[in-house]
Amino acid sequence: MTANVHPSATLGAGTTFGEHCVIGPNVSLGQGCRVGHGVVIHEGTRVGDHVRIDDHATLGKLPMKAANSATTKDQELAALEVGELCIVGTGVVLYRGATIEGKVLMADLSTVRENVRIGRGTIVGRGVTVENFCTVGRFCKLESESYLCAYSTLEDRVFIAPGVVTSNDNFVGRTQERFKHFKGVTVRRGGRIGAGSVTLPGITVGEDALVAAGSVVTRDVPARKIVVGSPARVWRDVPAEQLLEQQGWVDS
Amino acid sequence: MTANVHPSATLGAGTTFGEHCVIGPNVSLGQGCRVGHGVVIHEGTRVGDHVRIDDHATLGKLPMKAANSATTKDQELAALEVGELCIVGTGVVLYRGATIEGKVLMADLSTVRENVRIGRGTIVGRGVTVENFCTVGRFCKLESESYLCAYSTLEDRVFIAPGVVTSNDNFVGRTQERFKHFKGVTVRRGGRIGAGSVTLPGITVGEDALVAAGSVVTRDVPARKIVVGSPARVWRDVPAEQLLEQQGWVDS
Amino acid sequence: MTANVHPSATLGAGTTFGEHCVIGPNVSLGQGCRVGHGVVIHEGTRVGDHVRIDDHATLGKLPMKAANSATTKDQELAALEVGELCIVGTGVVLYRGATIEGKVLMADLSTVRENVRIGRGTIVGRGVTVENFCTVGRFCKLESESYLCAYSTLEDRVFIAPGVVTSNDNFVGRTQERFKHFKGVTVRRGGRIGAGSVTLPGITVGEDALVAAGSVVTRDVPARKIVVGSPARVWRDVPAEQLLEQQGWVDS
């Protein structure tokens, strides 16, 4: 066993490691975790029971700042927490300052940045980026290759389809004024955004509303309505059988 | 040499490894393979002759299931097979249950999931995802960052441009009914989809047809026609000099 | 310390390595570099002073060619150069034949291919691909998951928003004729392209012009104009307060 475990790390019963891992100071892993090959877990990270971590994942990464920055906020970030029964895919990168609740699946090559909370039972798809200062609710699905920009909020049971792109800067990188207005997407409980859609900065998608695939969303979407097109317009009501309350889903 | 090779693995003549590799039980590699650094090859994977595998690639990964799942299908998946003369890029993830025929190039950070077959001579571009239950023909090109959703079929000589997004669920994650209808894109022989286009669930792109860049495809595309726009409409015939039969290509 | 450093490599004072690194022949690293875990630096790569390189990054990778290719241009590529004060994120892949000037940030899982130059102070976002034969100016931002196709040119202070897709082949993979015409996007000084937009082959975005989010750009964009839609049309002038000359930025 070639894992390099710092003496201050604490490991629960039955937790196993593959080869060439690095487990840093004051890391704790719960019971029954299965850690793959080449996994790196940085200082202070706390992992719950029965978590699967696949090859080449990196947990607890410190944010990158311009090398010539005069200040650093590294010390202010709390340690990364990963809840029980999570699955962390191959090549995933999780930052210090993120909190991942239990039973979350983070698929291969996804990234969760600092100052983010991911709610219980949510699926973060392959290659997904959750930028800093986001809140993601419980039992959401962020499908493969979707992109959640900084300062976004997803409530519970939100569905983001593959390849969705969100944005947060109406000033597109110019003016000092923009720093006051950064705002990503807000999706209310049960809201859904279809494949390959683009949302402009500050958009709110209402409760149980649906953005059809391939749309460009330039204004807020009313609750329980479907919008479609570029720019997206209201098309019709979400069919009753698709409403969240009709699914019989129980949170657990 | 720090490669960790299981004693039950079989290695062909002239096959070389970089540092920090892990080669699992019953893996077989053919002759003349060049394996980079930090490569992980899981149990039972079979690799043909003269395959190049770059740093940090992972071969034969087991699918991830919710940790609290009552059932698992892991045992049902056949071992990953990678044919002769393939190239596997840096950080690539190939799943158990996939079959990659010979002379396939899988560029950096691409992923091929379980229950997929990739035909001979196909190029899977940088960052591309091929989800489960897909069939990809021979001599296709899936360009960088394109996304092939589950239950898709590409016949031979199909071209998928960069950033294309496909989808397979008209119910967008709701109703039990949807499980009967999941259907991705079907692209007939020589069909092409332009950069950044989005296809709705169940779309068929006809033989040698072309979807222009930036389109949203909401209905089937007739053979040898070009469609364009959002939603995409028929624009004109594919120019004769672009038809597959005019290229003089020989399959080999 | 388990780093595997070739005896011909030269390391500046104060440069440190994590575990399981591989530093190839004739690599040089400057002073005060911090290299993470599992980093691979291939033969001849030159890294300046005070560069941060995060876990699982690969520097100096040789391009991949079809395994049965009769020719190779590997020998013609100059060694990768990474300038002082750069930051190289987790899982980044940088090719031999690229030149990265100083103070560039390459975020996690980004790729820069051969025959590319990236100008000083530019930010290459998370998951970004810069394909071969591109030139990127100084102080540009290529935001997360944007895609810069081969044969593209970005002048200084260009802004590419998340999820932008560019393209370079009007013949979409057919005809011999196409090889004479490959041409990506050209963005003049201060030009900006909004989130999720798609540019057709050969497009020029004029000086300080702006493509609104979600657009499909089918013709050149005049300087200091905003275009929007699919296909994109001129909408109005860029607001004066957003012009580059109004930002008070000093190159350094």
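Some notes on this structure:
Letters are used for the chains, namely A, B and C, taken in the order the chains are written, and counting of residues starts over at 1 for each.
We take it that a contact is a pair of C-beta atoms (placed from the backbone, for glycine too) under 8 Å apart; a residue touches a chain by one contact, two chains touch by 3 or more.
What you are looking at is a predicted structure, and each value in this text was computed from that prediction instead of being measured.
Matching CA atoms, the turn from subunit A to subunit C amounts to 120°, rounded to the nearest 5. Interface note: subunit A and subunit B, two copies of one sequence, contact each other through mostly non-matching residue numbers (shared numbers fall below half of all numbers used). Centroids built from CA atoms put subunit B at 25 Å from subunit A. Counting only residues that touch two or more partner chains, subunit A has 20, 38, 56, 91, 109, 127, 145, 163, 230.
Against subunit C, in their complex, subunit A makes its touches with residues 4, 20, 22, 38, 40, 56, 58, 61, 64-68, 91, 93, 109, 111, 127, 129, 131, 145, 147, 149, 163, 165-167, 169, 171-175, 177, 198, 200, 216, 218, 230-231.
Contact residues on subunit B toward subunit C in their complex (touch as defined above): 2, 18-20, 36-38, 50-52, 54-56, 85-87, 89-91, 103, 105, 107-109, 126-127, 141, 144-145, 159, 161-163, 192, 194-196, 210, 213-214, 229-230, 241-244, 246-247.
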